[in-house]
Amino acid sequence: MKPDSAAACAGSAARPASTAETAEALRRSVARQFRRSLHIRTLDTGSCAACEQEIRLLAAPHYDLHRLGFFFTPAPRHADLLMVTGPMIRAFDIAARKTYEAMPGPKLVVATGACALGGVYQPDAFTHGGIGETLPVDVWIPGCPPSPLALLQGLLVAVDRLAEKVQDLTFIRSGGHR
Amino acid sequence: MTPLPLMYGAAAAWALAALAVLAGGASRPGIRAGCVMSGLGGAAALAGGVSSLLSGNSRVVTAGGSVVVGSLQLQATSLAGVFVALLGLVAVATAAFVPRYHEPGRATGLYLAVYNLALLASLAVLAAGGVVTFLVAWETMALLCYLLILRRPRRDDVAGGAFWFLALSETGFVLIVAAFVILAAKTHSMQLDVIAARAHLVPGAWRDTAYLLALTGFGFKAGLVPLHVWLPEAHPVAPADGSAFLSGLVVKLGVYGIALFAFRLLPAGPAWRGILTMAAGAATAAIGILYALNERDIKRFLAYSTIENIGIIVTAFGAAMTFWAYGQRLLWAFLLLAGLYHVANHGSYKTLLFLEAGVIEHATGTRDMDRLGGLAHRMPRASVITFAGTLGIAALPPLNGFVSEWLIFQGLFQGFRTGSHLVAILIVLAAATLGLTAGLAIYAFVRGYGIPFLGMPRTRRAAAASEAGQPVAGPALLAVACVALAVGAPVVLTALARAMRTVTGVALRPVLLPGNLTVIPAHTKFSGFSPTYLTVFLLAVLAVPGLIYLAGRPRADSLIVPVWDGGLVTFKPRMQYSAMTFSAPTRVTFDALYRPTVSVRRASDDPAGRSGPVHYESQATPVFERYLYRPVIRVFEWLADFIRPIQSGDVNLYLFYVFAAVLVAYLLGAL
Amino acid sequence: MTALQQDPGLPGLLSLLGHDAPAGDGPVVTVSLAAADLETAVRRLSAAPGARLADVFGSGGNPAIDGDPVIVRMVWGLDSDRRYLITESVIEGDRYPALSDIVPAAFAEECEIYEQFGIRPAGGKPLNRVALPPQAGPDFPRLGRAPAEQPADVHAPHVVGGQAFEFPFGPVRQAGVESLYYGLVTSGEEVVDLYLLTWHKHRGVEWRMRGRTPREALFQVERAEGLGAVGSGWAFAAATETALQVQPPDQALRTRAIALELERLYNHAAATAALCQSTGLAVGQAAAEIALERLLRLNAATFGHRYLFGVIDIGGTRSGPDAAALRRELPGAYGELRRAADALLGTNSFLDRLEATGILTPEAARRLGLVGPVARATGLAVDARADHPAEPYAGHPPVVATGEGGDVLARFRVMLAEAAESVRLIGDLLEAGAGPGRADLPDDVISRTGPSGNTGRTGLGWAESSRGEALAWVSLDDGGRITRARLRPASVRNWRGFDDACRSQNVFTDIPIIEASFWLTVAGTSR
Amino acid sequence: MALWFLRGLRRGVITTRYPARADDSATALPTPPAFRPEALTRELADRLCLVCPSWALTRNGDVLFFDAGACTACGRCREMAPEAVTTSGEFELAATNPAHLVKRIPLLGEGSS
């Protein structure tokens, strides 16, 4: 996440804008606190409702994220992780800020879906074109919409139970192999 | 010092106060002086009441007198002692309240003079030792109260409210006169002592008739349903101290009248008399609180809650009479004691609440709960004092209302001692009704305190409210009295019990244990508790969370964020519960009683294009006014049409009427 | 005004409007009306039993061009006549006849036109804020000119008399649902009024589409309402194809239809799950979600996307169905839904919550111009597949399921019946042969370059999405770029029936049930 | 309710074993493209950038920058140049840093120096 946005964001989980290593170490220590049980609050900042459907399905029998110690909560007061979908409509800024500030620290923010990652909408008068500049994002989950499996992986990465994979991917297929 | 002289002192002080405010009512010092006098009088009355409690009935003092009207007879009795003391308390508190509340002016001077004379008249009622004295004083008191209510005759509803009071009061007066005449005729005496002594000579039928007449007559003043309609009309239009006096004392005079007949003049009576009284009381209590729940005007709300409390007291009296009929003298005396204690308690906190209602009205310009809100932050003193009164009237420990209601319940729960199953069931039914009433009362006063004082201000006036320059001393004194009456209950009750012995002849003393500050209702093996220790215990319990907080305060820095509102842009005052919506469940549950008529209007109610604000009104049908009083009023209007012809307005004609009337009177005398 | 007893048919209507019979036999007839005649014409049309107001929208009014007039178009569904009638009226100045006084269903669109083009209906009726947020000033991007003054939130009721108060709910509601604010005006017990604020999610999709080629725009259209991607996409593609006079190959049309029916299937399964959740029947929810997940996987297996994004393309489809996978998986997946539904219909504690909940009368539905299962549950047989049959539905007519009572249960039953019908249709369409296919478009449409200028190539497209009739209207310049595109998903119309359904109720806790039975998206209505 | 309970028992466990074990339902999911650098020329790269509706592709000199976060896996690029673009088959794309999602694709096709 961008350090400036961290500074800009009041009450964000203690995250000094210092070197990358310390930030990374801090992230891991925070994530470790959430390993066993984590409560998720979702926030729709202008999605097309497909991301919401996939998130709802996380609790469905096929995926059942409760078995991994994740739970949904309607109250940001009880939430440790904010799952944000949509391109962050400007008209929604107040609600988004209030929701984030209502969460007790330490807290994680997961940007969910291509809109939230700046894919579908460019910044303009209607939207910020991605949530990065409004909220301090910890984990980014691509996909339009991200399938429940992708969401599961993202959540597990967020709490440091899975290693991030995309960093090592090249998206290059040389020659015909594989 | 004997009580009567103290009362003379009080009377004199009030007379002087009346003169002082008449003379200097236009200036603040004048009003102050009058109030000081009035307060001194109150103190004297308080002392007189207490001393008459301690010293029992004094002998009758007779002064002047003539063949026609009889003589002025005064007597300090322990039954009246409680009321006299209450009168003193109310007078002192009001005296402390008035100077900051009223603007100087001739009208104010007149009003205060009338008020002081009303105090005087009430004292005379309580100190009356003879029938004539009693009746004259009573009528004077009623007329003076009428003038009190008429403080601002030009405002809407004032004349109407005052007229309701006068009309019902006069109707009651006729019945009271009848009751006294029956007793006087049957006992050949105009002196209350003698009447009480010879009451057993009166034939049963006449005794019951007299009692029923008295119950109804005084019921009008006390506000027994359905004779209560003047209270919600008169209280809102009178000034704060005026309505405080009405609720704090005047209605209590009605109770005194009932007690006078039930316990002093005609103690012996059949069970149905008591059961009837009890039923009337229970019905009054329940209906009173239910109507209170449907009121937004603070003063109307308080007026209805007065009706409820009167109901509780009368229920206690009725149960007591029932127990007498079944030979349970101990419970008889005990319930009388409990009832009188509730009189004192209600007098203190209801006066407090009415005075504070006046403070709120001055600070915000409205009595409508739904235009208030958030006053706790803007008027901290008023909110603390009101909270004490609210705890008291909601009968929550450790305040005094709880003690007296607990005593009354303990008395009722022993209905089984009557031996008669039917009566036992009836008494338990009454207890159940009071239980419902008590529950609703808590509901009503959570609302009555929460809506104006908590939450966000609903109007600009409420947001700008300030209690600077508002009276404090009077209500504060009453709050102290409430606490004292709760913590000191065992002592007070012991004193009361000793005093009542002169009325009941039953010694309750051994079953009240002042030694270890415990109250035991009548029978040792039934139950008992100590208000004092309860208070201490509750305070300790309340202290625990505070200690825990202090001990376990988080070391890490905590994050203070606003209340979670679902991400609204702004949380608006219109988004909080209002008084009427808070009590909506009762309106739905008891709609048979309210018969609400609902209307929803808005600029455009087209399903496709709804727009504009919603007007939602739900009006309860005024059942008694519409179905009981309106027909009566019609009849009277119809009769008035016949009488009109003899009203020509010609002076000579009226002189002739007078001459004729006197002639008839002499002829009757001659026969 | 002349109230007609029997359906006059199109020629009759046109003669009423002072036009002669249509040239040719196209499914869409466009007539232009002078602003002066607009009121009388609308009166006559609304009085005609066969005519249903489907949409009202504006175009033109370019702030750059001084005095550029706004063109108000009304789309009427002449359902019995199997045709759409579009009336075009050029509005000079900033006033036009108040349509909603005659056809209440036009009110929301009047508000929208005021917001976007700054012209308001005569009569000074208070207009509600629809799409643009409160902070949208005069320089906020719009389709036309900014209105003289901001539309106030006159929707928001002030509590008068203190006997009712507003129970605020949202915009951030329970986890896993879209952002939506509703103000619940209640007397403490009964629901006095309920109003929605949806501008939290307005992304200005129609505004974005201007100047784009249809293909680029289609990407936005599919993501305007993700749970209705095929419906909106098809409507938009059809509109463009009409504008470009392109005819997609039949097998591509059948492929679209299969995708559309699959979309209907998974949406109705999702609605079933939501109904169970709102009634607290966790086991039923699990069963329905199993069916839902299997249907979504079926979508992925058949078209390569769980929500069928990217199936539709201008002039055809981008991917064909994997017929084998479809034949193999569909019976099982649908069987799940069927079994769950049967069990639900046998669970009284569930049905009791649905019966007589959120009732809508046919009158209200017609008056509000509701569409889809919500309208059909009240007994109105409104279904674009049957009323305006285009290929492939002309060859494979669906059996329109209607209910009675208009309560939640009726909606639920209608959805189940439609699911069954969808499975049948998919079977037929597969038999008839479906596959990818795409008609060639004029080159200029594909490239981003090309001259600009308006030759008025316009077209109307429609599809019966799972929520009801979805409409789209486009006008292209001769560079093939979009000058104005109108999207009207079914959610736009059906939300306005929601508060009526809630007002028929006295219990708050029924509102989530009603919302689930409507199964609308906020994204669709505030696109 | 008992009916529902039995129904659940009869169905047995259907929950995925992910992450302990891979889930085969992932294979049908749309996934971002993978590129063949040797088949990519500047001119092709520019066309790809144009056809991408979500601004996931940008060319800078001889490098094509691919933002896997912005990519919606819509497949338009694959359709346009099947010889240069295939699917990556990757769905586990969560990143702790948006920079990790931006990939450099060298343009090695002939015509590009």
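Letters A, B, C and D mark the chains in the order given here, with residues in each chain numbered from 1 onward.
Keep this in mind: contacts are C-beta pairs under 8 Å (C-beta built on N, C-alpha and C of every residue); 3 or more make two chains touch, one makes a residue touch a chain.
Since the structure is predicted, the reported quantities are computational estimates derived from the model, not experimental observations.
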Chain pair, C-D or A-C, that carries the greater number of C-beta contacts: A-C
Chain of greatest Cα-centre distance to chain B: D
Whole-Å separation of chain centres (CA-atom averages), chain B against chain D: 81
Distance between the centres, which are taken as Cα means, of chain C and chain A, whole angstrom: 31
Whole-Å separation of chain centres (CA-atom averages), chain B against chain C: 65
Interface hub residues of chain A, defined as touching at least two other chains: 61-63, 76, 95, 98-99, 120, 144, 147
Contacts with 2+ other chains: residues of chain D: 14, 25, 29, 54, 72, 74
Chain B residues counted as touching two or more neighbouring chains: 565-569
Those chain pairs that satisfy the touch definition: A-B, A-C, A-D, B-C, C-D
Complex interface listing, chain B residues touching chain C: 296, 368-371, 458, 565-569, 571-572, 574-585, 587-588, 598, 600, 602-604, 606-618
Chain A contact footprint on chain B (complex, rising order): 559, 561-562, 564-569
Residues of chain A that touch chain C when the two form their complex: 40-57, 59-63, 72-74, 76, 86-87, 89-92, 95, 98-99, 115, 120-121, 124-127, 144-145, 147
Chain A residues within the chain B interface of the complex: 11, 75-77, 94-96, 98-99, 101-102, 104-105
Chain D-touching residues of chain A, taken from the complex the two chains share: 1, 27, 61-64, 67, 114, 117-120, 122, 132, 137-144, 146-147, 149-150, 152-154, 156-158, 161-162, 164-167, 169-175
